[in-house]
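Okay, got some structures for you below.
Look at the two complexes coming up: chain A is in both, with chain B in one and chain C in the other.
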Partner chain A sequence: MQPVIAPDTVTLVVGPEQGRRRRNRTKTLESYGFLAPTLILLLVLMIVPIVMVVGYSFLDNVILNKNPEFVGIQNYLTILGDSGFIRAISNTLVFTITSVVAHLVLGLTFAMLLNSELIGRVPRAIFRALYILPWLFTAAVIAVLWRMLLAPNGVVNYLLNTDVEWLASPELALGSVTFINIWAGYPFFMVSLLAGLQGIPAELHEAARVDGASGIQRFFNVTIPQLRPIIVSLVLLDLIWTSQQFALIWMTTGGGPINVTEMLSTYTYKLAFSKYDFALASTSAVLVLLLSMVLAFFYVRHQKARD
Partner chain B sequence: MSKDALGRRRLVKIAGAAVATVGMLAVAGCSGSGGGDATDSGDVTIEFAQWWEPELPDGAFRGLMDQFEEENPGITVELVSGPYASTKEQLFAGAASGTMPDVVGLDGAWVNDFASQGVIADLTALMAEADYDDSELASQIQVDGATYMIPVVNFVYPLFTNDDLLAQAGVDAPPSTRTEFADAAAAVAGLGGDTSGWVLPLSLEAPNGVQNDVMSWVWASGGTMLDDGQPDVTNDDVRGAVEYIQGMWDDDVIAPGSFTMKEQDKVEEFTNGRVGMMIDSLAHINLIRETNPDLSFSISAIPAEDGYDGERGIPYASWGIGVAENSENKDAAFKFVEFLMSEDVNSELSSIANAFPGNVDSVPDFVGDDELFATAFEIYQAGYPANEFTGLPVAEELMRQFGEQLQAMLDGQQSVDEMLDNTQAAWEAEF
Partner chain C sequence: MAMTVKARRRTMRAGVVIGLVLGAIFAAAPVLWMLSSSFKSNTEIFELPPRLLTDSFSFDAYIAIFTDPEKLRFFLNSYIVAGSVTLLTLFVAIQAAYAFSRFEFRGKRIFNVMIVSVQAVPPITLLIPYFGLVVLLGLYNTYPGLIFTYMVFTLPYAIIMMTGYFNTLPRELDEAVRVDGAGSFTALWRVLVPISVPGIVSVGVYTFMIAWNEYLFALTLTRTVDMRTVPIGIQLLMGQHSYEWNEIMAMSILGSIPVLVLFLFFQRYFISGLTSGSVKS
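So, the complex of A and B:
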C-alpha cells in the first residue's frame, strides 16, 4: 500500500533514479549549507587553535624564535621531568577531588533539605535563595570577597578571635582555596539534584515504605539509584571544570605561597605569560587537554549509555 | 510548485546560508587587521595601546590626543586602553600574531622580551631617521646598544611613614638608616593591637614586591644584583638586604599575610593606619589622601646601610613607549612619540599623572604646589633612579623566582645561603 503523503510533496519522492540521487545530493548540500556557519566557527575557533597548540608543543620556543625548529617530544620530556609540573598535578588532584566530593555531599544535603516537606514553603524559598547565592558571583568577585574575609585582619579571624593567615600560610593555603571553591560550586549540584529529586515518583518511596524500608534504606535504595545518572554527569563535568580552575586560584594566591597552591592552570599560565615560553606552555596545555579528554570520554560514554 | 521553482528555492536557501556564514565570520573578526591604516586621502590612523588612560583623570589623556591631532593634520590617534594586566596580555598576543598596535605603552620588564622577538622597532634608528635630538630624554631603555623604549613618565618609590604611629611609638623622625628603620618598625609593632612596623607584599601573582620592597634596600645603599649584566644575587649587597629582611621577619614586625599580599593590599594596610611604614609609589599619594584624609604621613628616602653616604638609588616604574615593528606608519608613530616627549606635553602629562617627567626640561605643576611631591622631587634629584629589572629577560619571572625562594627562606625551609644560591641558579637559567 502506498503511504499517504500530502499531494504537494508526492512529486518529491517519485521520478527517475538519477533525479532522486541529484535531489538527495542537493538535500545533503542544503543540510551542510545550514550547518556551515556553525561548522566554520567550530573549525576557526576550536579545531584550528587546538591543532596550532598541539603543533607548537613539538617546536622549540615558537614565539621567541622567528623560525622555530621541530624538537619532537623534547618539550614533553622537559615538562614531565619538571618537579613544578608534578607538584601542580598533585595539588590539582587534591583540589579537584576534595572539591567534587564536597560539592556532591553538600549539594545533595541541601537539595534534600529543600525537597523536604518538614520545612514550610516560605523558609524553603528563603533557604533556596541563600544557598544559591554563591553561584551568582563570578570567580573574580568570589576571590576578592574571600581575600577580604580571610585576611589576617578580616572578618573570619575577628569572629574566631584568631590571627590565622588562611591564604598566606603554606600549611593552610591549599585547604583555604579548596574551601572557597567548594563554597562557590555546590549550588550547581544542589540545583541539579533538587530537580532530580523532584522527578522521582512518589510511588517508589511509598512502595518502599510499605515494604518496611527505613529512611536510610530508602535513601540508598530509592533516592540514590534514581539520581545516579544525574550524579555521574555532574561529577564528570565538575571534575573537568574544577581541574581547570584558574581565576579563583590566580586571584587569591597566585599559586603561592611557595607553590603550595600551584595548579596545572596557573603553571601553564606562568609558562606562557611570565616565562614567555609558549612551546612549553603549549605542551603543558596539551597534557591538560589529554587528561581532560579522559574525563570527557567517560562523560560522553555515560551520556550515550543514557540515550 | 514546479521542480524549477523548488530548485530555485533550495538555491536561495543555500546561498542564504552561505551569506550568513560569511556574515558571521565577518562579525567574528576573521578579516583581521593589525595596526593602523592609511586611507585613500592619505590620512593615517595610528593605534596606541596603553594602560595609562584609565589611571588618569577622565578625558585628560584624550585631550592630549586631540592636541596632537590638531598639530598634525592627517594623523588620527585611536586609543586602545585597558588595565595593566590585560594590556600586557594583549600586547603579547599581538606580538605572537603580528598585529601589535602602532604605538605601544611599555613596562621596562617587557622590553627585553619584545626586543628579542623583534616585534618592537629600534628607536635609535627611528630617531636618526627623524633627526631627533635625544639629549632631552631623561633615560632610554636599550637592548644590545639600541633603544627600544623611552620612559615617558616615572613613578618613584620612596618611604612612606605614618607620622602619628611613629610619634606614638616614640619615633621623632622618619628613619634614614637600616638600624633606625628596624628600631622604628619594632617600636611601632610594639604598640600592640593590629599594628605592624612595616608591610612587605610578596604575592606570586604580581611579584613586583620583590622589585619595589625588597631589592629597593639593595639599590638604596648603592648596591646591585647584577655583575656585568648577568645575575649576581649571591653578592654581599643582596645578602645584606635579605638578611636584614629576615631579621625583621623573625622580630615579627612585618604585617601578617605577606606571602599573598599585593601592592593594593599594602596601600590599604597603610591607609587604614595599621602599619607604620611602607615603600610605595608616589602615584598613590592622592589615593591615600582621598581614602583617609585624617592620615598624617610623610615621605623620605629609603634608608641606607649604616654609614653609607653615597648616592641612593630610588626604585621607579615607568610608563614607557615604543613603536611596533609591524607598524606601517612608523613615521607618524614616531611623531607621536616626539609629541609625548616634548617639554610642554611631558610636563602636562607628568602633572596629571603625578609622576616625574621623562623629559629633563619638563617640570610638573605639582612640584610647586604640594609639599610631599616637592620632597619627593628633592629625593629624586638627590639620588638616582634605580631599577635593575628593567631591560632584563623575563623580568617578571625573575621577580617571581626570587619571591618563591624568599618565601621558602622566611618560612624556615632554607637558609639565606640556600635561598641566594637557588635564586642565582634559577636566574642563570633564564639568561
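So, the complex of A and C:
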C-alpha cells in the first residue's frame, strides 16, 4: 500500500510565537530534550548509514572483504559504464513517467466523476469505496493477485481472447508491471484531488458560467489552476515513490525477462544480495539517492512556496 | 442541433454513470476475483469459462492456513513487529511534535527540513548500510533489527501528523499548567496527550499500516522462516507450494484484513487528515 501521507502535511511547524528572548535559551534546551530521542534515532538510522554507504562506494568489495581498499571513483566509472545500469535507468524512467501520468489522469477523472452533482450521495459513497480498494492492499498481495490474473491460462487472457505471457514476454513485461503499478497507485491521487475539487469555491464556477464559459473552458480556466498546487505536490511525491518501487517488481518479474523490467532498485538489490558486490551496490545506491534528492529539493521548495 | 437543457442533462448523467461503472470494474473486479478464488479449488481457479461462484465453494484454503503453525507464525511476527514499531514511534514522535508545536528554538528550520527530507531517501540506499549494521550489532534475523529500521520510515510521518494535530489545540491548555509551575514534560503527558487521543490513535494506526506492509527490509534482514512477516509469507507460499492459488489468495485476504479493518474504522480521519491542509487559499 502506498503511504497515506498528505502532500501538504509535510509543511509542518513554525509555531505562531516569536520573540521573548529572555526565555529563549531555556526553551531551546527544553526543546532539545524533547527532540533528543528523534535526533539520536535519525543520527543512527539516517546520517550514519548515508555516510557508510557513501564510504562503501569508494572501497573495493566491502562487508565481505576484511580489509577493503580505497579505490577512488573506480566503482562509479564501472557502474556508469555498465549497460545493465543504463538499462535500469531507462526502464525506471519509462515505468515512473508512465505511472505518474496515468495516476494523475485516472485520479483526476475519477475525482471529477465522484464530484459530479449529477449523482446522489449514496451511489457516490459506494463508488468512492470501490475506487479506493486497490490502495488498501500491500505490494505483496497486489503482486500475487496480478500474477494469477495475468497467468497464461488466467482470466485476463480469457477476457481478451489472447494467449500471451504478460509478465514473461520481453515485449509485454514492462508494460504489464507498469499497468499493475497504475492500478495500485491512482487512489492516492483520486482522494487528494477529490478534496481539492471540493475546496474550490462554487462562486468561481458560477462567475465563469455567467461569463459564458463552457464546461471545457471552466475545466481549464477554473478547475486546473485551482488544483495546480496539489497536482504539483502529488506528481513530485509520486515521482519520488515510483522511481524507488521495489516490492512490486521483485514479486512479479524480478527484473526479468532478460532485464526488460530491471529498475534501479532491483538492479542495486541484485548487486548486493545476489552477486554480493556490496561496493558496486553501494555506488548504485548513492546514485539513486542523488536522483531522489534532486526530486526532494524541488518538492521541499514547492512546499515552502505554498506556505 | 440545440438540445433542450433537460435532454442535455440526461445525456451528461448517462455519461457520468457509464464512466463510474467502468471505473468501478477496473478498480474492484480484481479484488472480487481474489475473494472468489480463495473459496475455490485449484482446478476451478483456471477453469474456462471463468465463473465467480463455483459448485464446490469451500473454506478449505482458510482452514489450511489456520491449522498450519508456520503460517500463523507469519501473523504473530507481523503483529509483534508492527505493534512494537507503533508504540515506540508514538512515544518518540509525540515528544518531537510537542517541541515543534510549542517551542521556538535554534535549529528548528533545519530539523524540520531534515525530517521532511528523510521521506525522500530511497529504502534501497539505506538497505546496504543497515544490513552491515544489523549484522555487526548481532541483530540480524531478530525482531529488534526490524523494529528499529522500520522507525526511519514511520517516524517522519508520525512527527509531521502529530505536530499538525497539536497545532490545532489551543496553546493555553498546556501553557496554563506550565505557568502553574509544572514542567513541560508533565504538561505534555498529563494535559496535552490525554486530550489528543483521537490524533494519537490515528497516527498509531497509520504507523501500524506502514510497518505491517513493509517488504524490502523484512526480506533482507531476516533469514529463517520463523522470523518472516506476512508479506514475505505470501511470497514464500507462492514459491514453495507450486501455486496453490486458493491458499495464496486466502493468505492475501487474511494478510490484508488488519489494514482493511483499520482503514474502515479510521477512514473519516484519514481522508480529512489527508486533505485538510491541501486546499490552501
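In the analysis below, the second predicted complex is superposed on the first by the 281 of 307 C-alpha atoms of A that agree within 3 Å, B and C clash if a C-alpha of one lies under 4 Å from a C-alpha of the other, contacts with A are read in each partner's own complex, and residues count from 1 in each chain.
As a convention for this text, a contact is a pair of C-beta atoms (placed from the backbone, for glycine too) under 8 Å apart; a residue touches a chain by one contact, two chains touch by 3 or more.
Small disclaimer: the values here were computed from a predicted structure and weren't measured.
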Three-chain arrangement built on chain A, chain B and chain C clash or fit: clash
Message: Quick one: is A:Ser265 in contact with chain B, with chain C, with both, or with neither? Answer first, second, both or neither.
response: second
- request: Answer with first, second, both or neither: which of chain B and chain C does A:Leu118 touch in the superposed model?
  value: second
Message: Looking at A:Leu289 after the superposition, I want to know if it touches chain B, chain C, both of them or none. Which is it: first, second, both, neither?
response: second
Message: Looking at A:Thr28 after the superposition, I want to know if it touches chain B, chain C, both of them or none. Which is it: first, second, both, neither?
response: second
- request: Could you figure out whether chain B or chain C reaches more residues of chain A?
  value: C
Task: In the overlay, answer first, second, both or neither for which of chain B and chain C A:Phe246 touches.
output: second
Task: Please work out whether A:Thr109 is in contact with chain B alone, chain C alone, both, or neither, and reply first, second, both or neither.
output: second
- request: Would you check which partner chain A:Gly255 touches, where first means chain B only, second means chain C only, and both and neither mean what they say?
  value: first
- prompt: Which partner does A:Gly175 contact after superposing on A: first (chain B), second (chain C), both, neither?
  reply: neither
Message: Just to be sure I read the superposition right, which of the two partners does A:Leu130 touch: chain B = first, chain C = second, or both, or neither?
response: second
- line: Residues on chain A touched by both chain B and chain C 8, 11-12, 30, 34, 37, 41, 44-45, 63, 147, 151, 153, 250-251, 273, 278
Message: Touching residues of chain A toward chain C in the complex: what are they?
response: 1, 3-18, 20, 24, 27-28, 30-32, 34-35, 37-39, 41-42, 44-46, 48-50, 52-53, 56, 62-63, 109-110, 113-114, 116, 118-119, 123, 127, 130-131, 133-134, 136-141, 143-149, 151, 153-155, 158, 183, 187, 191-192, 194-196, 198-200, 229-230, 233, 240, 244, 246-247, 250-251, 264-265, 268-269, 272-273, 278, 281-282, 285-286, 288-289, 292-293, 295-296, 299-300, 303, 306
Query: Within the complex, which stretch of chain B touches chain A?
result: 1, 3, 6-7, 10, 13-14, 17-18, 20-21, 24-25, 28, 30, 88-89, 92, 95-96, 113, 116-118, 194, 202-206, 255-261, 265, 274, 394, 396-397, 400, 403-404, 407-408, 411, 413, 430
- request: Using the touch rule from the top, collect the residues of chain C that touch chain A in their complex.
  value: 9, 12-13, 16-17, 19-20, 23-24, 26-28, 30-31, 33-34, 37, 45-46, 48-50, 91-93, 95-96, 98-106, 108-109, 111-133, 135, 148-149, 151-152, 155, 157, 159-161, 163-164, 167, 171, 184, 188, 206, 209-210, 212-213, 215-216, 219-220, 230-232, 234-235, 238, 245, 248-249, 252, 255-256, 259-260, 263, 270-271, 273-280
- prompt: For chain A, which residues are in contact with chain B within the complex?
  reply: 8, 11-12, 26, 29-30, 33-34, 36-37, 40-41, 44-45, 63-64, 66, 147, 151-153, 163, 165, 167-170, 173, 250-259, 270, 273-276, 278
